[in-house]
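So, here's a batch of structures to check.
Across the two complexes that follow, chain A remains constant while its partner is chain B and subsequently chain C.
== the complex of A and B ==
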């Protein structure tokens, strides 16, 4: 089919959609605002213990490889949609590409990483083909004079004088796969995140376990012995405007706990929960296994004291009422919230949002993955493919 | 505590929900964050907001309305601030107290007594903090009993 599509967002849903569209012969512009495709999921750790735990984290590198090898997909990192117009059933889209770091020249040698005193150059995920510059940390974006990374680069990939590029593309359909934002745990003040260093989020634990082999998660030689996971942080919470289950937190938390115990069998784990959502493939089995090895307390702590060890105030230890429990590490199982970009995206593409702020598709502009609501990696990938299939059918109908 | 189905009153929760303050009680999903954050539960674990809600939902009318525990709430609204379902348990307690009075489990006088105790305790607290504050830069830890004796002139 001689047609073209714009896919906004290079996470699992966007990649899934791009691959499916390309398979139908459609030319795809895959636009990613960050310096690498893969999305949040590309930072997650494989949670296999002595056997595969079906967490789907491995799907991401697999699909990244596939999409890079697909000639019909043009991957545009550091790129955003800045203009959008509709004309006779087609979409004229203005793209803008930040070109300080040219991914075509970057060979990921790491010299810029060493040169930057602010840690502003980063590799977004282990499968990123090029480095990225974190504008919030970079001195140049703060208005200072600095070219340490540019001078260190042997290929000339970094050049702060290189202007950003803008150009227009014309497409037959658009898939918005713009993703989500993990819940900001600071909003739960009394749980101490941001105040107590040993209160971390599930996302931070993912990234730490992905970086290291053992469980020395802070890189200082200290190992947690007695870990608490607090579930539903920012999910099923009317006060946070999140009157929905995020569908991923029970799954990642239990698997992360299993991985920690696999790496360090002495690790004790307690889950504080309302009820465990065991949806998804292979999860019941994981849960049964966890029931044998971990403690489950049906009650959400209201408050954590920043003592050492941390002290959790809670109700619900069997047969007791109010009590306190001590743990040396607390992991907050943060949920999925709508991306803060959704308002702007909805305005630009003329989309509606649901009562929580997730995007809703319309004729010719489809919404895939967590942009439309909570989904895990495999669900997002499948949703991207399914959305693309729907779009293809519609397009064929129009042309036929 | 045992629950006997034949003695339960299935209408009780609807009555509480119809009473001003009790509107949200049925949406509780028993996460327990109310009790976990409650300063009264911390000093007396017998006072358990999650359990009181469950008892109402089960229809344990008499056990709830005649319980002395209803009167332990200090109206600080911490449970309400924490509740992910917006149950507003402090208001639920208000509704239950009203019902206890209306249904004759307690004399109307008693509700006023509890209010007076609350005010008395707050004044006492204010005076004790003021007495302790006189030595707030000293390393020695204040002794609450000693402060109490000091402010009550014993």
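== the complex of A and C ==
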């Protein structure tokens, strides 16, 4: 089949879709706005204790390797879709590639990393073949004059004067696998995130445990002994307009707690929750282990005081009207929210959004992964594959 | 002397002097992003008349498969590639690794590839939603299918349910139209009231024997889809007995078809501590139906309300808006039956552990949902081990897939996703009409084999077979996934795994490689 496809987003769903399309002989442009493919999942830690906990984090590097080596997939990092037109069942897409850092020249030597005083140069994940520049931290994007990284680069890969490139591709189908945004915990002001350093998000704990081998998560020698996980932060929340369950938080929180205890058996953990979502293959075992070792308290704290230890205020929990509990670390299990780009993506690709703001696909333009609603890594991958299989079937039908 | 090509990944920090003195005739630096590298490299192998390659890099796995593919396309053995991983090595360490790899390379023996024609038909066992979707997608991709169904008609469990399902597609309508489409298709063979008896052969050419009402028949196919569905089990441990006042959740549709006069109905969920999403989905659906049809007072009792699926949270809110009351319990409720009533007594943690006592005239109990067809899977050595790599539908055996409720608890969209994904995988496997595999990667030296059957027992992929003529084990090359377990465990050392023979590995270790 001599067809071509555009896959927007290089997370598990996008990679899954790209691989499945390529397996059917379809040429794929895999467009990723960041400097490396892998998505959020590439930052997560393997949550195996003495046995595999089936968190699927290991699937990401495997799929990154596969997609890098698939000749029919052209990976375009630092690239975004800026124009879109439909003509006789085909799509004309304008792509724009930011070329400040040219990945073809970058050999990941690390000199730019050392040169940047703001920590704006980063390697997004261990499988990234090139570095990326974080525009929010970089002085140049803040309008200042700076070229420390460019001067440090021995291969000339960084050049702030290099203009971005744009070109058009013509494709038979489009898969929008544009992903999600983790809930911004600052919105829950009373829980103290952003104000108290020992209130962190589940995502930050993932990244910290991925970086280090013990549980010294702040890198200052301090070890949390008494950890609270607060579930449903930004999920099942009418106030936040998120009247849905994010599906992943119970799973990652319980597995992360298990991993912390595995690394430091003295760690005490308490979960504050509404309902634990125990469904899903292989998860019942994790839950039962957690029941044995950890405390479960039904109720979400209303407020946290920034004292040391942190003081959690609860209402109507365990038969008492008002109680307080103390913990030295609080982990907020932040949920999956629609990407803030969804409005723009929906406008560009003429897609609809559901009542929560997640994207809905249409004929020829499919939506895969968390762009369409909460999913975990393996579910996103499977959804990407399913979406591709559907698209291939449609295409075969059109030709046959 | 052998001729080797060295392929150094950009950023590996190796200069050519490390390769001095070896049989390396050409050195190429690979760019970091190498989408179309395979075709460009084919020429390199032939132009320099190379025997194999040495891949050197700090993250060599990013291009390893690509180089293997280019060897394959150049007609060479893809395993004539030695990978040198330099991650975290200093200059001296790098030199040592490269030297060791070159030593290993000298011991590599070529393997051969074979191509076999495949049967393109897929054999689908089970005609429920997942099996039907697999059939439908495979037909759209142009592959013929056989569906074997044990019941008189297709449709599975879902086909027996009444409407009211909060999905974009109405499952009952979908099942009817899908069955009609498949029945009209001459490339679809449907055997109902039939039972699979035996499965022989391997990927590309399976032979399935089926007991039909008119006698046993045999069909061949290149792939097998197990869509065996699920079965329900009454939760005996709870001490509850089924009766006129206490019924299982799976009987809900039978009941709600009648206009009964139950005034007060309770759903009791999560009997086994864990419960399932599908159980909660059925209960919410049932609660809404009972409200609509009977106007009864409805209570739902559970340990944890499962809301982690698309329609669950909105159904829960709808049920609450319609006046359904939800209670939580931690300790299992006390149940007393007296005449016309069932009484439940429990403590609700959300009500500050107040004791709640309510009498109902119908108690609907969640049953345990178990995968069906375990006997069949055992007989055919098929399993889906707890391995995320096999997610979602692959099994331990190449060419055999599992879809729907027989592999995990699943709702309708889940079953559809499974069927679609399995069809896509089968199309990638059989779509071309032939199967390419390594003929002699793993080989049994029959003169050394003492026929102990260790390999047959331990092979996780069902690839070790018995060759009665040779009186030796035989590793089926098409089904073999080159994991090496048989070679490692063979007590007589009769099984050779090319590329991992003792001599080569010892030579590499002696040179100080890891």
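Here, the second predicted complex is superposed on the first by the 393 of 400 C-alpha atoms of A that agree within 3 Å, B and C clash if a C-alpha of one lies under 4 Å from a C-alpha of the other, contacts with A are read in each partner's own complex, and residues count from 1 in each chain.
Here is the rule we go by: a residue touches a chain if its C-beta (ideal position, glycine included) is under 8 Å from a C-beta of that chain, and two chains touch if they have at least 3 such contacts.
Bear in mind the structure is a predicted one, so any value in this text is a computation, not a measurement.
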**Report entry** Contacts of A:302 with chain B and chain C, given as first, second, both or neither
**Finding:** first
Requested in this report: Considering only the touch criterion stated at the top, classify A:192 as touching first (chain B), second (chain C), both, or neither.
Outcome: neither
Query raised in the report: Thinking of the overlay built on chain A, is A:378 touched by chain B (first), by chain C (second), by both, or by neither?
Result: second
Requested in this report: Using the touch definition from the top, say if A:129 reaches chain B (first), chain C (second), both or neither.
Outcome: second
Query raised in the report: Which of the two partners, first being chain B and second being chain C, lies in contact with A:74: first, second, both, or neither?
Result: second
Query raised in the report: Which of the two partners, first being chain B and second being chain C, lies in contact with A:314: first, second, both, or neither?
Result: first
Report task. Tell me which of chain B and chain C touches more residues of chain A. Result -> C
Query raised in the report: After lining up the shared chain so the two structures overlap, which partner does A:258 touch, if you call chain B first and chain C second: first, second, both or neither?
Result: neither
Report task. Tell me which partner A:239 touches in the superposition: chain B (first), chain C (second), both or neither. Result -> first
Report summary line: Interface residues of chain A shared by chain B and chain C, listed 236, 274-275, 298, 316, 320-321
Report summary line: Touching chain A in the complex, chain B uses residues 29-38, 41-42, 45-48, 50-51, 78, 82-86
Query raised in the report: Which residues, counting only chain A, touch chain B once they are in their complex?
Result: 190, 232, 236-240, 274-275, 298-303, 313-316, 320-323
Query raised in the report: In the complex of these two chains, what residues of chain A are touching chain C?
Result: 20, 23-24, 52, 54-56, 58-59, 62, 64-66, 68-71, 73-75, 103-104, 106-109, 127, 129-130, 236, 243-247, 250, 274-282, 284, 287-288, 298, 316, 318-321, 373-374, 378, 381-383, 385-386, 388-390, 392-393, 396-397, 400
Query - In the complex with chain A, residue positions of chain C that touch it - result: 10-11, 31-39, 59, 61-66, 69, 137, 140-142, 273-277, 304-310, 312-314, 317, 328, 349-350, 352-353, 386-389, 391-392, 407-409, 417, 420-421, 423-424, 427-428, 431
